[in-house]
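Same chain, two partners: chain A is paired with chain B first, then with chain C.
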Partner chain A sequence: MRKLIILSAPLALLAAPAMAQTAVDGTVDINGSVAGRCMFIVPNKTISLGEISLASNGKLDVSKVNGRSETLTGWCNNTTAAMTVTATQLTNATTAPTGFDNRVDYTATAVTGSTSANDSSVTAGAGSASSVGLFSGDIVVTLSNASTPNNGLMVAGTYNGNVVVTLTPTVTVGG
Partner chain B sequence: MKKIALIAMTAAAVIATPAMAQDVTGTINITGSVAKKCFVLNGSAVSSTFGTTVALGELAKSDGTLRASSDLSSAFATAGGSALDAQVVCTSATPSVSVTAEPLANTVTADTGYDNSIDYRADVTLTTVAGDVTVNDPSSNIAATTTNLTSRLTGTGTNVKVRTSNWTADGVLVAGSYTGKITVVIAPGA
Partner chain C sequence: MNCKYGLALIALVALPATAAAQSTESGTVDVVGTVRSICILGDPTSALVDLGQLSAASGPRTGRVAVIPPQTVTLPGSFCNFAGSAVSISATALTAADATNPQAGFARAVNYTATATGWAAGASLATTGAARDGTGPTAEGTGATQPLPQVADISLTLSSFTAPGDQILVSGNYSGNVIVTLGPAIAGGEN
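Up next is the complex of A and B:
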């Protein structure tokens, strides 16, 4: 009898079914981000106006300023990106007595695609921001409305000013 | 276990931190210049010259000698009128001024006791921001009298006045026409 039991053992082994296997998986989530960003590819240019006074009467020759332009290149990758312009007047360090001027004001307008922003140098600080959204390409800066405070005689010497175009990635314009 | 947690937190922070949005600027520098120059303003008209002809009329007294200096100085100012005053402006701060007075001369030869040349002194007064500057040039001296102004000519109103003084001649003036000239040159300077 004991032998039979021993013999039956292999039967028991044969009868044991394999346990049911449930499918399992593991997941690796992948995420990343791209920050709102703007960049200038061409960040600096110079407009050389040359002689800015009229030979005939020594006052500002507005034709030397109005219409002059230069082109910066840049991009923004954010729909809420904005552009502002800050125009700083041209000045000469030499004091201007009564009847003379040592300052030239103007309006600077920056245009990229169908968007523009501008600023007058008459008042300090930046002009209003304009929404540029996603863009990549030229930003053309043009000068206009040149004037002097007193329509006076221009003091001799060198005059320097600048236009700063600021691209801000995340600004809600008018919001 | 703590070590594992730390590593996990660090990794998560790296992945989650976005790059900070940052403004960028592009700059266009603008340069220009104004050359040194001078010109004459007459209202809104601009020119490079000013002046007039001053007709003094009879120069001699009844005794044939030259009229009194003060008389001629006054006659010069009256006959010349406002044309003897000008507005000259310079874009430069320290213009140079040159004054040359040439005697009134008659081409007729003057024998002993007679004179055919009348001398005088040109007195040119320039109004600068720092005050008046007078340049005097005697016609007896052929050379010009020059000076460099130390401050700017005023930017408004008349700022150059031409007058005369010290009229003189020796003996009786020979009859005929006398002509002379005062030349004022105002240049931008250094």
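Up next is the complex of A and C:
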């Protein structure tokens, strides 16, 4: 007796075992930086004191100076930014003879948020720096402690001074 | 295919310059004030000068103006806070309260010289020249210009008391006054 044995072979050609293939990546890194910076949005204001002498005795009327304020606006984007104030006394160009004064000194205080810096015009130069960090908003400048060198009579005329608020971003290294 | 692992790296890096100096920013609050031009006269040490008896009570000059010593009043701490000020005086002779025109030989006026010193070089002075009937009693004068702001005690002295024509003074109360003005000098106003 004969038996038929069929050996079947797969008709389909199986794909060869998957060859190991390596994915290839190309990478574009994108870096940038923002420099530490400070900027004033409102960089100038004027405090007009008006008449600063007392009609009764011709001496400085401190009430015309103390408490007067104006508001600058600015920002710094650096956590290590600092603020300083430089107050320059009010002066009149006329020479003051004995008994008179042609200079008004005061203290200027700049406040933004919870940070303040101040300077007295009695001594030249800026006051101590205060760390202001990142902030954006008002910087209120207020005058106080007005005085004249000799508590003398005020020479007539116009008196000019100013308060300079300086914002300084710190130096950074790397990106 | 012989594939090799490859890496293409394109780095876009914006590095800030190392330790780059960063500029500061400043805001400025200008402070402006004014002081008006003013002069203030100190309160006179005596606002009333009482000369007492004006006529001699005895001797050859009885009834005529007596020898009256100079009278000085001080205005302490007077000041002007500007350059170019002066003291002016307006002096009015002493005249009798009774305005009746006196008879011949009599006078109802006592003249004098008012002198203010201590402000500028020289003095401000005015000498009254009232007639015996009391008319024309007022005289004015302005001193030199003070070229600087000045604070000083101004002394006002009344002296040289005379009667017009040295005539006999009519009886009664006599009064006059001196007005001292401290203010800006007027060009050509000096006496």
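Definition applied: the second predicted complex is superposed on the first by the 149 of 175 C-alpha atoms of A that agree within 3 Å, B and C clash if a C-alpha of one lies under 4 Å from a C-alpha of the other, contacts with A are read in each partner's own complex, and residues count from 1 in each chain.
Throughout what follows, a residue touches a chain if its C-beta (ideal position, glycine included) is under 8 Å from a C-beta of that chain, and two chains touch if they have at least 3 such contacts.
The structure presented is a predicted model; accordingly, all values stated were derived computationally and were not measured.
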| item | value |
| --- | --- |
| Fit-or-clash call for chain B and chain C when the two complexes are aligned on chain A | clash |
| Contacts of A:24 with chain B and chain C, given as first, second, both or neither | second |
| Which superposed partner A:125 touches (first chain B, second chain C, both, neither) | neither |
| Chain B versus chain C as contact partner of A:47, first or second or both or neither | both |
| Touching both chain C and chain B, counted on chain A across the two superposed complexes | 31-33, 35-40, 42-53, 55, 57-58, 64-65, 70, 72, 74, 90, 92, 94, 97-100, 104, 108, 139, 141, 143, 153-170 |
| Of all residues in chain A, those that touch chain B in their complex | 31-40, 42-53, 55-58, 64-65, 70, 72, 74, 78, 90, 92, 94, 97-100, 104, 108, 139, 141, 143, 152-170 |
| Complex contact set, residues of chain C against chain A | 3, 5-16, 18-22, 24-38, 40, 79, 81-83, 148-151 |
| Contact set on chain B toward chain A in their complex | 15, 18-37, 39, 41, 46, 89-93, 129, 152, 154-156, 188 |
| Complex contacts: residues of chain A adjacent to chain C | 21-22, 24-33, 35-40, 42-53, 55, 57-58, 64-65, 68, 70, 72, 74, 90, 92, 94-100, 104, 106, 108, 139, 141, 143, 153-175 |
